[in-house]
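Chains: A, B, C, D and E, in written order; residue numbering restarts at 1 for each.
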C-alpha cells in the first residue's frame, strides 16, 4: 500500500465515520442522553430519506425539501412522544424496546402504502455536484465533503447543547431522576417531548442529506439501526465526544478492514465492539458514576 | 363421476411464496402480476380448471423458509408452488419441496444449487442461474479488449456464484481476473474498495449488485470519478430497476441478462402492452419471469388436461415445452433451468437497450445434478 | 392454607390438551405447534437471563444457531446420528461457548451487556455467513434426522411429525419444571437478588459473577436444545438463524409474553407466531393480509402501552400474587 | 436564645397563607396513609413537621407537591387551587424541596447540579446565586467538577440544599436535611435556616433533631399514623414532656 | 502473631476487648485522581470493642469502610483480617470471611418483602447455594436467621411489606437487619442511625451495645449522643487522615478535635 493510497483510504475512513456520526446523532440524543431505547431510529432515518425524495421531486430542490421536511418530522416526534413514549418512562426499559419494535413494523408498512417499494434516487444539489480529482483516475465528490462538514457542525452543536447549556443539564438530570427535576420547577415533560422530537428530526435529517448518496429504498433503516447503537455504545453512553470518536474509529476500521482483511470485513465492527467493551466495560468515554 | 372428472371440477391450487414485505417486496409483486397475467390470458383457467391462489409472504427470510413452504405444501396442500426471489429462501424451500414432491416453479432465485446438486424432477426454474448471468459476460468483456479485470460483489452466495460464472467465461477467453473484491452483505459503503480499484487500475470492472445496493454502487462509481476512466460491466441486475434512481450514473454501462428493453419482438410488445394495461406500470424482468412461470405451468396443465395427479405426464410436458417468452423462446435443460439467449444490453437514458445477443442459447452446466 | 391457584396448574392442563393435538389436527398445524414450542423453549431460556438474572441478551440466537450448526456438522452427511449423544453434545457445545463468551461478556452491565452479546452473536453470524464452514450464506442441509434408539429398536422416529411433536412437548415440560425448580431454590433466589441489586448481593457475600456465569451457561445450553430441535424440524440451517433478527424476535417473545414468569415467554411465543400466522393469512384477513405488519406493529405497541406485565399479566389477574412471590409458599 | 427567636415573629395572619392543604387523604395502592390532614404555611413562617418513622411526614410533603396524588382534599398555593397542578408548576410558584435521601443527579457535576436549578424567585429577584451557595458551602467549591456520585454523604446533602436555594424559593421544604451531616455542618445548616428564616423565607423542617426543630420553628405539627395530633406553637410542645413522649417517643 | 504496643493496650483499658485485634489496617491509603480520600490510616478492631470513627463530611470515613469491606481496592496499605491480608479482595470474599457492613445510603432490595430481604442475606451464609433442586423457603435455618435479624432491628411487624413501601427510617432499619442476618464477626456500620427518630435510635443503640459482646464493631456516626454512649475507642478523621485516636474522653477534650469536628457542640442541643 503506497502512501497516497493509504492517505486516501484514511480520508475515506474518516469521511465514512462522520457519515456514521450523522446517522447516529439522533440516537446519541434519544438513547445516549435521554436514556430511551429507540429501535425505530432507523425508521425515522428512512422516513427522512423518503420525505427528501418525495418533496424534492415535488419542489425540484433538495434544500426546499429539507426545509419543509424538518418541521414535519419535529411534529411527528412530538406526537409520538406525547402519545406513546411518555407512558413508558417509569417502566422497565424493555417496554421501550417492545414498543419501538412495534413502531418499526408500523412505519415500514406505512412507507410501503404511502411511497411504494421502489428504489429512488435524489439528485445532489447542483452547487455541490462536482468532484475534486485526487489521483489520475480517482476523485472525491464535493457533496461527501460537504456532509462531513455538516457532521462536524452537528457534533459541535450537540456537544455544546448537552454539555454546556442548562437545557443539556436538565435533560441529563431528567434521565437520572425525573421527579427531582420537576420538584425544581422544571417542566421536564415538555423538555423531553421537545428533545425527543429533536432526536427524531436529527435521524430524519440524516436520512435526508444522505439520500443523494445512499438512494432511497425499502428497509434502508434496518441496516443503519445496529451500527448506530454500536457507535453510541462504543463511545460510551451519554458522551457526544465518545460517539464522534467511536464513529471515526468504526469508519476507519471498516474501511481498512475491507481492504486489508476482506474475508473478515463483516465482523470487524463487532469484533471491535467486543474488544472495546471487554477492555472498557463502559465504552470509551462512558460512565461518570 | 370418475376421479379424474372430480379433479377437473376442483380448482387448481397455486401457492405463491414470495416476498411481499421488506426489501424485495416490489419483486414479489411484479412476479405475482406477471404470473397472473399469463393465467388471465388463458381465460383464468389452466387445463380447464379454475385457479385458487394461496399466498405466503416469505419476507425474504431464509430462516423461515422451510416453515413458510410447508404452509403451502402441508396446510394448503397446493398443487404447485411458485417462488421465490431470495436465493437463501429458495434453498430452504428446496428442502421441503424435495421431500414432499410438490411441483415447484422458481421464477427468480438464481442459486446454482437449485438446478445443480438439488435438482429434482419436480423442480423447475423460469429465470436464470447465477452462473448464467455472468458467464457470457466473460466473452463480451474480453471481446472489448480488456485483459485484466476486477470483480466486485457482496460477500454472499449469489455474488460468489456470479463471480464464478464470470471467471470461468472470462478466463476461457484468455482474460485474467486479477482481483476479487467483496463487500460485506448487505453493506453499501463502497468507497474503500473504489479507492482500491483506482489504485489497481484494471482494464475494466465487473460488478454484481442489485436493488438499492446497485443504485448506490453506480452513483459512488461515478462520484469517485471512475466512470468513463475504467469501464464498468455487470450482470443485468446492476442496472435493472434502478435507472430512475441513479440519474446518469449508469449511462452507457453494458450488462448481460436474459431480458432487455426494446427487444421489439411481437411477443414482447404484446406482453408489455398487456401488462401495462392491466397493472398501470411497465413490466420488468421479474414480471417477465413470473409470466413465464405461468406459461410453463400452463404447458404442463394443458398436456394433462388439468389432471394434476398425472404428475409424470405433466413434468414430461413441461420438460419438453418450448416457451414462447417475451425474452425469446426458450427450452429447459435437463436440470430444468432455461436454455436461453443472454442479451448484451446498454443503458441508454432510462432503458437497458438491447445491443445484441451475447451468448446464444446458454445452458447452465448444472454441476452436481444427478437426476 | 394453600389456596388453589389457577396459574399453578395451567401449564399442566395445557400440556394435556396439547398432547392430544396431533390426533385431531392436520400435519401442518402440528408442525406449526412444534415450531412454536421450540421457540417457547428458546424464549424460556432467555427469560432465565432477562427475567430472573437481569441480563438482557441481544445475542441469544448465537447459542440457538450454534446448536443447529453443531448438529449439521457433527454427524456423517448421509447417516443419522443418535439423538442420545448428539443432543447433549450440541447443548454441551453451546454451554461451553456460553461459558467462554460469558466470562468476557459478564464484565459489562446494562446496555453495554446488551451490545456485547450482540457483538459476539454477530461475529458468529459472519463466521458462518462468510466462510464455507457451514455452507456459507446458503446454509446447509441435515439430510438425515437423528435417531432415538434403545438397543436396536427405534424409540422415536423423528421423521414422524407426531413423534417429533411429542418429543418436543415432553422436552418443554421438562425444561419448564427444571427451570421452575431451580428458580425456587436458593440459587434462583440469588439470581433474582442479583437482578434487583447486584451491588448489595456482592456486599452480602454472594459471588455474583459465578452465579451470573452459571445462569448464562445454563441459558445457553437450553437455547442450544431449542436450536437443535429447530434444526431437526426442518433439516436446514443457515446463518439467519443466528442473526440479530432472530435474537430480537425471541426477545420480543419474552417481553411481549411477560418477563420473569417462565410461562410468559411461552405465551409470547404463541402470540408472536400465531398472530403473524393469522394476520398474514388472506383466508382470514383478506386484502389486509398484505399489510399484516401494520396490524402486528399496532398490536405490539398496544401491549407495550397497556399491559405492563405483558400478556402474562392478564393471566396473573387470576393468580392474585404479584410477580416476585408468584412462585413460592 | 430560643425565647428571642420566637419573640421576634409576630403571628402571621391567615390572609398571607403560602401553602395550604385541607383534608388530605393519600393512599399508596390500598394502604391509607394520610387521614384528612390539614396543614398550612404562612408567608415567612417556619414550621416543624414531626413524627416518628413512617407516620406520613414525607407523604404529606409529597402530596402537597403533586409528587403523590392525594385521593381527597385540596392543595392551594397563595389561595390558588393547585390540587391537580403539575409538580413543576407548584415548584415554580416558589417552593423548593430538599428530599430525604438526597436526590442529587449523580451524572451531573457539582457545578451542573447547581447551575441547572438556578432560577429567580416569583418577583424576579435572585438573592441566592451560585457564588453565594459556594460561599455558604465552601466544601462544594472544592468539588465543583466531581460527579454527584463521587461526593461523600454529607457533601451530597449540602449539594441538595444548595441546589434548592438556587431556585430562590419563598418556601423551603427540608426533609431530613441534616441527616448525615457532621455536628459542625449541621449547626451551620441550622444557622442557615435561621438566616433564611430571618430573610423572610418560609420553611418546613422535618428533622430527627426535635430540639433544634422546636427551637427554630414558629409552629410545630406532629403526625401520628397519618393524622395531625398536634398543631400549635412550638413552645407549647417543647414545654410539655408528656406530649413529647406520647407523640414522639422521647 | 501481631505485636501489641503498650500504647494500644493502654487505649483499650476501658473496653472489654480481647487483646488481639481481629482486623487491623496499616498505612491504608486511597486516592481518587489527585484527591487522597484516605491517607495512611492504621487502626484496629477487636471483638468486644466498639470503635467509633467520626470526622467532618468528606473526611474519608465511608471510603475507609469501602476499603475494609472490599467495595474499593486500596491504593496502598494492608488490611489484615485474622492475620491474613485481605486488601484488594472482592467484596463478596470479604463478606464471606465474616465482615459485614451497612451502607450510609440505603442499599436494599426494593421490590422484595422485608422478610425476603433478610432471607437473602441469611442465605449468603449457607452452603446451600448451588443446591438447585430444593425450594428456598424450605430451609429452616435460613428462615430462622432472617426472623431473628428482623426482630433485632425492630422490623418484625413489617415482615411482609415490600421494602419500597417502607418509610425512609424503616428502610434504614432494614439496612441494619440485613447486615445482621449475615452473622458477621466484624460489623462495619456506616451511619446506622441516620434517618432514625430518637425512639428508633435508642433501640438501635441498645442493639449495637448488645452486639459488642461478641463482635468487633466499627461505627461511623454523627449523632454525638450515640457516639459517646457507645464508643470504647474513638478515632477522628479529617481530610483522610487520622487526627486523633484513643479513649473517648481523651479524644473529646482534645482541642484539635473540638476545632475540626465538634465545634461548640451542644449549642442547640439543649
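Keep in mind that, in the parts below, a contact is a pair of C-beta atoms (placed from the backbone, for glycine too) under 8 Å apart; a residue touches a chain by one contact, two chains touch by 3 or more.
What you see is a predicted model, and the numbers here were worked out from it, not measured in a lab.
Both chain C and chain E are touched by no common chain. Under the contact definition stated at the top, no chain borders both chain A and chain D. Note on connectivity: the fewest steps through touching chains from chain C to chain D is 2.
In this assembly, the C-alpha centroid of chain B lies 75 Å from the C-alpha centroid of chain E.
Work out the mean CA point of chain D and of chain E, and you get 30 Å between them. Chain A and chain E have Cα centroids lying 49 Å from one another. Taking each chain's centre as the mean of its C-alpha atoms, chain B lies 37 Å from chain C.
Residues of chain C found to touch two or more other chains are 126, 129-130, 293. Shared interface positions of chain A, i.e. residues touching 2 or more other chains, are given as 108-109, 112, 263, 266.
Annotation, chain-chain contacts: A-B, A-C, A-D, B-C, C-E, D-E (touch as defined at the top).
Taken together, the chain B residues at the contact with chain A in this complex read 21-23, 25-26, 29, 155, 181-189, 191-196, 198-199, 201, 211-212, 215-216, 219-220, 223-226, 229-230, 241-242, 244-247.
Of all residues in chain C, only 50, 56, 104-105, 107-109, 111-112, 115-116, 118-120, 122-123, 126-127, 129-131, 244, 248, 251-252, 255-256, 259, 291, 293-294, 296-301, 303-305, 308 touch chain A in the complex they form.
Residue ranges of chain B in contact with chain C, taken from their complex: 20-21, 54-57, 61-63, 65-67, 70-71, 74-75, 87-88, 91-92, 95-96, 111, 113, 155-157, 160, 184-185.
Residues of chain E touching chain C in their complex: 69, 71, 90-93, 95-96, 101, 103, 107-113, 116, 119-121, 123-126, 128-137, 139, 142, 178, 182.
Residues 28, 31, 52-55, 58, 100-102, 139, 143, 150-155, 157-158, 176, 179-187, 190, 208-212, 215, 248-250 of chain D are the ones touching chain E in the complex.
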